[in-house]
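Consider the two complexes below, in which chain A is the common component and chain B and chain C are the respective partners.
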Partner chain A sequence: MTLALVPLLPLAGAMFIALAGGRIGRKTTGTIGTLAITLAFGAALSMVVSVAEHPRLAARLGAWLPVPGADLSLVLEGAGLGLVLMVTGVSALIGLYSIGYLPAGPGAQRYFAALDLFVAAMLLVILADNLVLLFAGWELVGLCSYLLIGHERERPAAAVAAQKAFVVNRVGDAAFLVGIFIFAATARTVNIGDLRVASIEHLRPDTVTPFLIASALLLVGALAKSAQLPLHVWLPDAMEGPTPVSALIHAATMVTAGVVLLIRLREVLAPEVLFAASVAGAATALFAALVAVGQRDLKRVLAWSTISQVGLMFVAAGLGAVFAALFHLLAHAFFKATLFLGAGAVIHATDGEQDLTKLGGLGRRLPLTAATVAVGALGLAAIPPASGFFSKEAIAVAALDQPLLLGAVLVTSLLSAFYAARLYTLVFLAPARAMPAIHRTPLSMAAPLVLVATAALAFGGLVGAHVLPLGLGRESEAPAWLLAASIILGLGGATGGWLTYRRGASAAGAVERIAARAAGGFGVDRLYQAALVEPFGRIARGVDRGVEAANERAIDGFAGLLVRGGGLVQRLQAGSVRGYEALLLTGAVILLAFWSLR
Partner chain B sequence: MAGAALMPTTAYLLLGAFLFALGAYGVVVRTNALAMLVAVELMLNAVNLTFVAAARQFGELDGQVIAFFVIAVAAAEVGVGLAIVIDVARRRGTVDVDEATDLRG
Partner chain C sequence: MNLPLLLGDIRATDLVVVPLIAALACALLPLRGLARAIAVLSGVLGIALSLALAAGAAPAGGLRGEEQIAWAPALGISYHVGADGFGVALLALGSLLFSVGAVSSGSARGRGYFALWCALQAAVSGVFVAQDLLLFFVFWEAMLLPLALLLWQWGGEDRRSATLRFVLYTMAGSALLLAGILALGIGAATFDIVTLRAHRLGAATQTGLAVLFLAAFVVKLPLFPFHAWLARAYVAAPLPVALVLSGIVAKTAAYGIIRLCLGLFPLGMETLAPGLVALAAIGTLYAALLATRQDDTRRLIAYSSLSHLNLIGLGIFAGSAAGAQGALVASVSHGLIVAVLFLLAGMLATRTGGWDLGRSGGLAGSAPVLAACFTLAVVATIGVPGTSGFAGEFLVLAATYARYPAAAALATLVVIVAAVYGLGLLRRAFTGVPGGAVPDLGPRERALVLPLLALILVLGIAPRVVSDLVPGGNAPVHAADLR
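Now for the complex of A and B:
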């Protein structure tokens, strides 16, 4: 039952903090929250040996819903343990980092309760053995992201960003839910293992079957949760949350949920749908990489880079290269967490400066942060020996048969290297600017940063050199020309970025002007705003006004009726005892007359 | 009782109806609360008279029993009524019911 402990420990932590957090201090709250996740990490670690012996572990907690297969039960198979270790490990480090990052105040209880619940929910997505339980985790992930993005709820921008994330995710969640209904109605089960068997019978090539439709709907859910085209708009705005939250959402818990779903359901989903996931991923990877080049906000560069990198994971997962997808997911989790925690350290040190054009020359003043961010940037740029190189290589190999997808992957690599170098150069290497006092990075922030950077540096090489198995059969090795091309693209992009920006953004001239064009995300946001948000807003306001007017008329009319009726009755209530008496007598006489005459 | 020339029951009924009408008239036209109470008392006793007359006519005791009840209730009614009148008099300095119109709607 160690398996059950894994999601239950963070859940217990969340509940404890939610119930008792008001009475204990910020540091204690953070320690308990981090400890709960660390214990879950330990529980997962203790299963390494048993997983090596039994490739499939299951734990049944009890019955749940009266739907075949919808029990409270968990299963750990294939890629699961690596994911669990990554999620709990990275989240524990982020929790520790948050203790130092969060400002003093009453928000710590909300923050750490949501953080623990977030981790528990993500673990449920990884471990649930049926779609309904998985969907419960899926929804909890959405809820927690809403709570954490909107953590600084008194800022309107944060509140709006949280709502946007929630609403965009809702589009995908609705599709996901309908997909589950179709699966349950067609196959009479929601158990993932049983669905794998059922899909052999229910999927036919070149025919539209209920399974095909359900697969497509599940893909929509995955696209929304993983911020892929065309449902990517929520993620850049999600930067309004505290920086550790961004690290959590981008690295460990949220955007990878869609990839996890594709990996876990690869034998259930229709092959056409999986290929569509690849195409969507490739388009997103390229698109987001272009947009990332033009961003001026430190965290927004990272946000768009996440969208782009998750796109690469979709390419691999859709092509059936599960190992490559998982490898890049884990490698990305480490280097993106490093980048975000490093960015958090920069923002913490400079009192909240996030504008790349205003930062600069921090390399000398924050040497530790500079070194760790360098590791993350190497990963993003896919330059060896950073882990990103090996994992991106695996994806390129998977796409070898698809020239268009391969092209998209390679161009994305070039662009990633360019904007990673741009980010690093502008923050750490470009000429220093007048900065207000630089704050020292506290140990509780520095320690996780170093740890996660070490993981980012070592992980790729260890997997690449076959030291760490990921519990999945790996795909074929890269041909030499591809290796060479990747290294050249990575180094070339990075050098280009460095050369362009080493004198600062203002000296970059034409490149920066062109890049700035891309910064708006090619108007997708504006399009949604004009095509969906504003018309709906107008309809809603119109309906509101109409309902209000109708309400008013109905209520006023009814009230008027009562007032008029009351006026009539009022005359009888004259307050004169003698008058009542006379009425009483008259009534009695009439009644008597009526009875005696009948 | 036997042998003596009895008043016919109709006479009692007519007297009771007359007294009742007199009381009702008094309740409606008088504005003095005490006078109204006296008028109510008159109505009650008119009813008593009718009951007792009917009891004699039919040779049963029911009417007499009810008359006793009515007397008891009348005593209670006067007790409560006088208490109210005294309170009204204390508050307003008058027992004119046309002045007491606080509950007018």
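Now for the complex of A and C:
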């Protein structure tokens, strides 16, 4: 039953914090919240040996919905343990970091309750043995992101961003739901193991089309949750949340859920749909990398880089290279958490400055932060020995047979190296600006930062050197020319970024002006506003003022008809009994008519 | 009066008798301040009785606490009562909502109010236990009088015209129901529902009778587009009356469609199903769309409620046991959720001095518990898993999909629109720069709201408590008739 403890411990933590109310202080709340996640990490760690012996562990907690297979049951198999360890490990570090980061105030209770629930929900996505329970985790992840993005409730922008994140996610969730209905109606089960069997062994002509449609709908859900084209619009705005929340959403608990879904359902989903996931991923990777180059806000660079990097994971997962997808998911989690926690340290030190053009010269003043962010940036740039190099290499290998996809992966690599160097140079190396006093980073923030940076540095090499297994079969190794090309692209992009920005953004000239054109995300947000949001409002208004008003007038007309027709008005005011008699009479007439017709 | 709990042998009749005695006590005895306590007690006793009924295994005939007394044998009329799985679950829900509504009514309401309140409880319970069509009709009509008087006498600004609309619309439906009942009962020489369920009519007759019966039910539910009375009645009604009107009175229609229309005219319902399913799916989405436009919290809740009631209708019209089962879970869930929403909206209104969402804003800072409770209630309304709202919605939509995929897919879009109106409500009421400080929920308010929220979560994790009371399965209800 250790398996059941893994999601239940953070859930219990969330419930305890929620019920304890304001009676416990900020530090105690944070400690309990972090401890609950750490214990879940410990429980997962204790299963390493048993997983080696039994590749498939299951735990049934009870019945849930009266639908075949929709029970409260968990299963740990394949990629599960690696994902669980990463999610709990990184989230525990983010929890610890948050204790120092959050300002004093009554918000800590809400924050840590949502944080623990977030982790529990993500664990459910990884461990659920059926689609409905997986969907429960899936939706709760969305709910927690809503709660945490809107954490600072007095800021209207945060409230709007939180609502946007949830509504866009719900577009995907609606598709996901219909996909579940199709699987349930066609295969008569929602159990993932049984669906695998159903899709492989019993795929008959009459189930091919439903499975294809259901697969496509699940992919829409994955695109929304993982912020992929065309449903990526919520993630850049999600920066309104506190920085550790961004670290959580981007690294551990949310955007990778779509990749987890593709990995877990690779045998269930239709091959055409998986390939479509690759194409969407490649397009997203390239598009988001371009947009990232032009961002002026420190956190927005990182946000767009996540969209781009998750796109690479989609490329791999869609091509069936689940090992590569999982490898990059884990490596990205470590280096992206490093980058966000490092960014948080910068923002904390400078009293909230996030504008890259106003930062600079922090390398000497924040040496520890500079060193850790350097590790994260190397990972993003995919330069050895950072983890990102090994995992991105695995993805490139997976795409070797698909020249267009491979091209997208390699160009994305070049752009990633460029904007990673741009970010690092502008914050730490470019000439210093006049800046207020620098606050020192408290130990509770520095310690997790160093730990996660260490993981980001070592993880890729350990997996690459076959020291760490990930629970999935490896795909083939990279040919020498590809290795060389990748190193050249990474180093070339990074050097280009450094050369362009070493004297600051204002000195970057034409490059910065061109990049700034991409910064708006190519107008997708504006397009949605004009093509979807505003028409929705107009339709709702039209229904309200047109159809509904007409319907209400119709009943008034009906009432008037009764009143005029029978001179009923006085009698109705004298009491409803008389009117009732009249209607009984009407009933009797209808009754006679009915009988005569029989 | 006998004490059924102590005697152990509980009859379905007791669920009508207890509130009826309470109504008479409130009306006749000089109780003054005690009237509310009696109304609350009547609700609490109802909860105990219905839970005790539900706890026992269903007897062979499926009716719990069954009792039959001959009344006019020559005409096939008898006093026949008993509760099936749907009835017993809705009796428990109804009793809970009547006790909660009585608590929130304020002791200043006076004896008349509470006498009518208890009479309404008796009538609603009667609908859920009646096993004779004429008896059903008597209880069905008996609901209208106390409801109309409560609305007419204790309602808000618009109460007179809202009452008139409600009464006229409802009675038009009831007249057709009576016609249907008389035609069926006289034709078959019995009004006994259990006997009639075994008595199969021709397909065309079934369709005609189903239409007459449905006339009453689609207005009371109400199914789109027969809902024009709803928003004004909810807004004009005193808050506790709006609470029971939406929470349980609407469910008498859902129950009526399941027990009478599907039970007596399965073939007729199958003929009508495509149209009804389409209306319900459109109504689910239509009402949610209207909810996004509302500035008055009561109207917003009214349209959100209408959306859920149409979803319940969708599950029933889908015509499978699984659909009705989902509709039952959704009915219980919606009853709990709408009660919490109305209570919280009332608490919000007393703090901001009105129902207009434009007046509030930024209240989360000074009233964090109110904000947290409201958030949880909205999360349940929009059907997030872990709450009962998801269980009901999922079961209804999954069952509907098995028979009417296009309608189910259309109705599923409601999860997007619901997020827009639900989170919009939270954003407008609680976020932003606070205009001024308001007091947070007091201990009495918490005692009213927190148990309901806990029930919503429990039912979200263990929906089988309710769903196992009735059969499931995706096979069409009319299949038995085709053989």
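The criterion applied here is as follows: the second predicted complex is superposed on the first by the 530 of 598 C-alpha atoms of A that agree within 3 Å, B and C clash if a C-alpha of one lies under 4 Å from a C-alpha of the other, contacts with A are read in each partner's own complex, and residues count from 1 in each chain.
The definition used in the following text is that a contact is a pair of C-beta atoms (placed from the backbone, for glycine too) under 8 Å apart; a residue touches a chain by one contact, two chains touch by 3 or more.
Everything numeric in this text was worked out from a predicted model, so none of it was measured.
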Regarding the shared-chain residue A:Ala216, is it in contact with chain B (first), chain C (second), both, or neither?
-> neither
Does chain B (first) or chain C (second) touch A:Ala174, or do both, or does neither?
-> second
Of the two partner chains, chain B (first) and chain C (second), which one does A:Ile182 touch, if any: first, second, both, or neither?
-> second
First, second, both or neither for A:Ala325, with chain B first and chain C second | neither
Is A:Val291 contacted by the first partner chain B, the second partner chain C, both or neither?
-> neither
So, does A:Ala14 touch the first partner chain B, the second partner chain C, both, or neither?
-> neither
For chain A, which side has the bigger count of touched residues, chain B or chain C?
-> C
In the superposed arrangement, does A:Val315 touch chain B (first), chain C (second), both or neither?
-> neither
Just which bits of chain A does chain B share with chain C as contact spots?
-> 572, 576
For the complex, which residues does chain A have touching chain C?
-> 18, 21-22, 62-67, 72, 106, 110, 132, 135-136, 139-140, 143, 146-147, 150, 153-156, 158-160, 162-163, 166-167, 170-171, 173-174, 177-178, 180-182, 184-185, 536, 539-541, 543-544, 547-548, 551-552, 554-556, 558-559, 562, 572, 576, 579-580, 583-584, 586-588, 590-591, 594-595, 598
Tell me, which parts of chain A touch chain B in their complex?
-> 569-570, 572-578, 581-582, 585
Okay, in this complex, where on chain B does chain A touch?
-> 24, 27-29, 31, 36, 97-98, 100-105
Complex contact set, residues of chain C against chain A = 141, 144-145, 148, 164-165, 167-169, 171-172, 174-176, 178-179, 182-183, 187, 205, 208, 212, 225, 227-229, 232, 286, 289-290, 292-293, 322, 325, 362, 364-365, 368-369, 371-372, 375, 379, 384-386, 390-391, 394-395, 397-398, 401-402, 405, 408-409, 412-413, 415-416, 419-420, 423-424, 427, 430-434, 461-464, 467-468, 472, 474
